[in-house]
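Right after this note come the structures.
In what follows, chain A forms one complex with chain B and a second complex with chain C.
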Partner chain A sequence: MKSAPMLSSAFLHPAGQSLPQPLLALRKDRASALVDMPLPTRKTENWKYSSKYLKLADDMAISLPADGTVGSSLAVPGYKVVFLNGVMIPEASEYPDLDGILIQSFSDLDDEQGQALAEQLGRTLNHDQAQFARLNGARFEDGLLVRLKPGAVLDQPLFVIHETTADASGSAYPRILVEAGANSQMTLVEEYISQGESAAFTNTVTEFTLAEGANITNIRLNMEGENVQHIGATGVVQQRSSRFESHCVGFGGPLRRHDLQVRLEGEGAECKLNGVVVTQGKQHYDNHTCIEHIAAHCNSEETYRNIAADQSHAVFNGRIHIHQDAQQSNANMNNKNLLLSNGAEIDTKPELEIYADDVKCAHGATIGQLDETSLFYLVSRGIDRRQANVLLTMAFINELMQQIPVEAVRETAQTRLNEFFEQTFQEA
Partner chain B sequence: MATTDNEVKELIKREYEHGFVTEIESETFEPGLNEDVIARLSAIKKEPEWMLEWRLKAYRRWLEMDEPDWAHVGYPKVDYNSISYYSAPKRKEDMPQSLDEVDPELLKTYEKLGIPLHEREKLAGVAVDAVFDSVSVATTFKEPLAKAGVIFCSISEAVHDYPELVKKYLGTVVPQGDNFFAALNSAVFSDGTFVYIPKGVRCPMELSTYFRINAANTGQFERTLIIAEEGSYVSYLEGCTAPMRDENQLHAAVVELVALDDAQIKYSTVQNWYPGDEEGKGGIYNFVTKRGACIGKNSKISWTQVETGSAVTWKYPSCVLRGDNSVGEFYSVALTHNFQQADTGTKMIHLGKNTTSTIISKGISAGKSSNAYRGLVKFGPGAEGARNFTQCDSLLIGDRCGAHTFPYIESKNKSAIVEHEATTSKVSDEQMFLCRQRGIDPEQAVSMIVNGFCKEVFKELPMEFAVEAGKLLEVSLEGSVG
Partner chain C sequence: MLSIKNLHASVEDKEILKGINLEIKPGEVHAIMGPNGSGKSTLSQVLAGNEAFEVTSGEVTLNGENLLDQETEERARNGVFLAFQYPVEIPGVSNLQFLRTAVNAMRKHKGEEDMNAAEFMKLAKEVSKQVDLDPAFLKRGVNEGFSGGEKKRNEIMQALLLQPKLAILDETDSGLDIDALKVVSDGVNALRSEDRAILMVTHYQRLLNHIVPDYVHVLAGGRIIKSGGRELALELEEKGYGWLGIKDEASN
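Moving on, here comes the complex of A and B:
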């Protein structure tokens, strides 16, 4: 048998020494565990459909420098933290010094705080499913720590702009950890954008721990360029009666992969995961979600929509795992897919794994094209065919787009969507 | 229950020891698998050279393969060198001479299933007397079949008598190297069924392995090949509707169906191998590869299965819908109890235009068992206008069992439409209350509810099978409540 390809050892050399000592030690430790890390192949179950898109050349192992200029001076309606190639740029960031809310870069922590953080990092993720979170653990150069004291409420959304500037080949390893104390609240918006044309690789990890009654909304918008391969992981652990809401909007690229793992550890915890993916050209996008119902009386609701045009490839893998004794769980998963072209491919795998009997679980998945009857209806009323296509395609995802609670994100995404419609639906 | 289980266990053990001592040595191979063993097997069966070559090719492929471990089941690895790959049928003297010698518990089960007396004897492995002689039974049915031109015989006979047909179709649907167990089967298959329905013929009766007496004792590696020529129709029933106490540990069968233009094949299985005892000891590993190819236009293959036995089940009856407008159907009820594990489902591969498929799967888990549906629905780029509907429901009885769903859906054609639904529920307290209130005891109430849950699948079974399947569920569910 042919031996599996390994992660090139070029990837095991982290740059950036500005982290506190305990984090440097942690990174070194994680790197040594990565020696001989097999790269996913077609036979790797959770990379079955996506491994062929993963192309990590050795020159992409180099850490992209964080000394460039921040390309976009995005005005955001809220607080802003800017990361350039995984390193925080304080000059470009604007965030308040609020009572009970700590927003800090990893590099600014002292050794004691660093030690505490080192014990926290990576705890929310199942690394066997999100293999590349290990790589982030070995390579991160900086990160954002957000700590909400019990009862703290962040009054405006916090935008974290992750910019990858690929003037030469290289990679970036952004990392965020949010610790939400009891009954605290915040909205975190992650935006992934890029500049430059060289082949780049972004490998992200975002973690949330929600104490009792915490309420967190996370919006993740991926709009990186055609030169950037992106593998991200988000881990969430929820305690009693906490609520987590996630909105992921992703546009395709050469490789896009997002793992979202939620563990409902306290009774009465609730999560809602929404996702929209749009791919065109030869793009790819792969969403893997996993919701673990560990405690009883938890609710989860998941809705993902994929649109694939041209020769693109969209993948969805949703998994609901109800542990033994997680009685009275309610779990709903829904995945709908729209194929706009015969060259495009959609693969979906909604899984249920259930070990408790008193539960209500359902999942549904569909793949189809735009409904001919609806198109005919619109066209027969004088709407031109192109416009009718746009209307119906937009209607397919609008329900989810409208649920995004931050208007600025909706607008940014809509602008990008309009471009997509422009390119996909030609005048008849 | 414990004592009766012990009896059953003793019975199994006794039979095994008995068989071991009295078996004439030359009739049973030493455990182990190598090319010599296959050559000897082939020689005993007086197979032609090409057949041996075919087997050896499969064996060489098998050596290079790894046992699959992706299924949601756990079992101690099988040592393929500790299995004997050929065992001659038991001699009459070694078998129980009359029903009086058979375990009474076994007989009670037969009674509950409503199996006629003479069938009970056969199922219990009682040496068949002159009246129910295998040859005579077989010939009774062979006549009308021959009149219709239907070939229905064992695959060993077919290798001798119809080598052209066997050569043409064997391994075309499930190639030798298809998967680990299929390769193993291809190398060492002991016997099986061969069915050929000529052009335009509607098979006058439902064929069943049961009719063929030599199939009642088929070995661990059976192979079935059914070919339906243009415009023909056949309904084939497989399996045994009574608990078969079998000492075999591994059962790796291969079933291949070929449907040409306008042909229809309906394949029904009621599987009830020995599931192991309440502690999860013993039982059959059922690793079966079943696949049908709708080669012709407008052809149809329909799988219906009721799975209640086996310690571990690994089985995915599939349809390759190559011909335009061809239809694939899969109806399944899988029930697991105690420590049984099932990973079963189907694959519908749509290649032709306007192909349609329906999947209805009902999984019931009780006790500490685990029951998984794993299915693939795939639309190739040419599957213009193809359509699939999938529904898989799980029912949980008890809080220590598991029910899982792993559907894979892949589409490369925009005009193809696929819908997948799955739900998981338990026998609700309201339903139970309603039944109890009307004087129905809990065990019967559960069985009624479960039967209702499975109705969609049972209605696809041939009539007498459906009745038996219902009763079988009842027997299998015994002791799962209260």
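Moving on, here comes the complex of A and C:
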């Protein structure tokens, strides 16, 4: 029998020594635990549709240098923190000193703060499901810490721009931790973009802890280039009556994977998870979500849409786990998929595991094509076929796009969507 | 204006239209009546260009141009409008966006500038009043959650906006109560003009009390078996389809 492939030991050597001592120690510790980490194969349940896209050759282990020029000069309607290959670039970042709100790079922490952070990192995630979060834990070179004191409200969205710049093969390990105190509030926008044509690997971890009554909105926009493999994980832990809202919009690539894990630990907590994925060419995108209803009286509402054109491949796996004590849980999951060509593939799998007896839990998944009757109706009014296709495809995700609460993000995504329509629906 | 000669059409190898002949001149209103399953809706769909139906022989011209060679959207731009028997619901596309896209497609075809959002809104509000639709409907998805009557009014609203040369109304009276029937009929009557032809397809004669046709044709078994003036419709109402030896099948 052929032995399972292992993560190359080349990946176990972190670069960048600017972190405080306790974080360097943590990283070393995590790296040693990675020796003999098996790479996922199609027999690995949570990677079975995606393992074939993963290409981690040794040259991908090289840390991409963070000394390049920041390509994004995006004017954002809010505060901005820019990371280049996982390292914060203060000159490109703009945010004020705000009362009750700490926004700081990991590298700027002193040893004492670093020690406190080391104890928090990775606590929100189930690493058996998000295996590659372990790799990030062994390799992160910097990171962003956002700490909201009780009652603090960030008055504008905070944009975190993660740019991967690859002139040669290599990888980057962006990391964010948001600690939201009681009744605090903020919107965090993560934008993943890239420069350069070389193959690169972005491996991210974003974590949120929400104390009682905290209200956090997270928008995640993945628009990295054609040669960038991306494996990201987001972990969320929510206490009593907190609210977490997530909007993930992703465009495909050679490999795109996002794990989103939410733990509803306090009574009355609620989360709303929206996702839109668009793939074309030979692209891939895989979303794995997991909502753990641990406490009673929590609500979760999840809506994901995939659109796959050409020979692309989209995957959705949505798990809802209602624990025994989580009575009066209310969970809704809905995943609809649109195939725009015969060569495209979409795999969807809802997973419900329910141990409480007084819950409302509903799920629905569909895969379909554009509706011929609707298309006929539109063209019978003189609308050209291409435009009719665009209208109907847009209709499939319109509701989710409109819910994204930051206009600038909607516009950025729409511009990219228009390119997709341009390439997918040719003039008749 | 519209000339149909010996039109045969099939769906899934079953012949539905078996040699239709019909001439309609500008300004005329023709009614096609017939029992369920006679081919009325097939005729409407074939004229509009629904590819689910295959034309096996015959000829259709609009102002001398071969209609059957044209794609659905070309036919629409050249002036064919079909008011659907069952208007389609399209959630996610707002009625306003749909209507404006259609109007601008027509304008582009005529070499005119696009109508901007504000101009179009003004026009759409006026026309929606004409068919007694609350302008709030403009913001909703196309026909989404509309009642039967609202959908039919939305069809007539589209005809009024697009100003076709040939308007085909497929069972526009079905599912309407008396008030809605009046509104819809007023809309259709507003469409009547010297350079426009109207073809109404209906099972019942009651619509013809409101929209008085110039000619009435009876379609049965895929052929027009009798033509006459509007008195034919009244006679049919009185005596039933059985009078012409037609079985009124329940199937459609």
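Here, the second predicted complex is superposed on the first by the 428 of 428 C-alpha atoms of A that agree within 3 Å, B and C clash if a C-alpha of one lies under 4 Å from a C-alpha of the other, contacts with A are read in each partner's own complex, and residues count from 1 in each chain.
Criterion: a residue touches a chain if its C-beta (ideal position, glycine included) is under 8 Å from a C-beta of that chain, and two chains touch if they have at least 3 such contacts.
The model shown is predicted, which means the values in this text are computed figures rather than measured ones.
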After the match on chain A, would you call chain B and chain C a fit or a clash? fit
Please work out whether A:Q403 is in contact with chain B alone, chain C alone, both, or neither, and reply first, second, both or neither. neither
On the A-aligned overlay, A:E45 touches which partner chain: chain B = first, chain C = second, or both, or neither? first
Is A:Q387 contacted by the first partner chain B, the second partner chain C, both or neither? second
A:Q423 in the overlay: touching chain B, chain C, both, or neither? Say first, second, both or neither. neither
Chain touching more of chain A, residue-wise (chain B, chain C): B
According to the stated criteria, A:T415 is in contact with first (chain B), second (chain C), both, or neither; which is it? neither
Partner chain in contact with A:T373 - chain B first, chain C second, else both or neither: second
For chain B relative to chain C post-fit, closest CA-CA distance rounded to the angstrom comes to 14
Seen from chain C, its contact residues with chain A in the complex are 48-52, 71-73, 75-77, 81-82, 84, 87-88, 90-93, 97-98, 101-102, 105-106, 109, 141-142, 158, 162
Applying the document's contact rule, which stretches of chain A touch chain C when the two form their complex? 371-374, 376-385, 387, 391-392, 394-399, 428
Would you pull the chain A residues touching chain B in the complex into a rising list? 1, 45, 49, 324-325, 327, 337, 339-369
Interfacial residue positions of chain B with respect to chain A in the complex: 64, 66, 70, 72, 379, 381, 394, 396-426
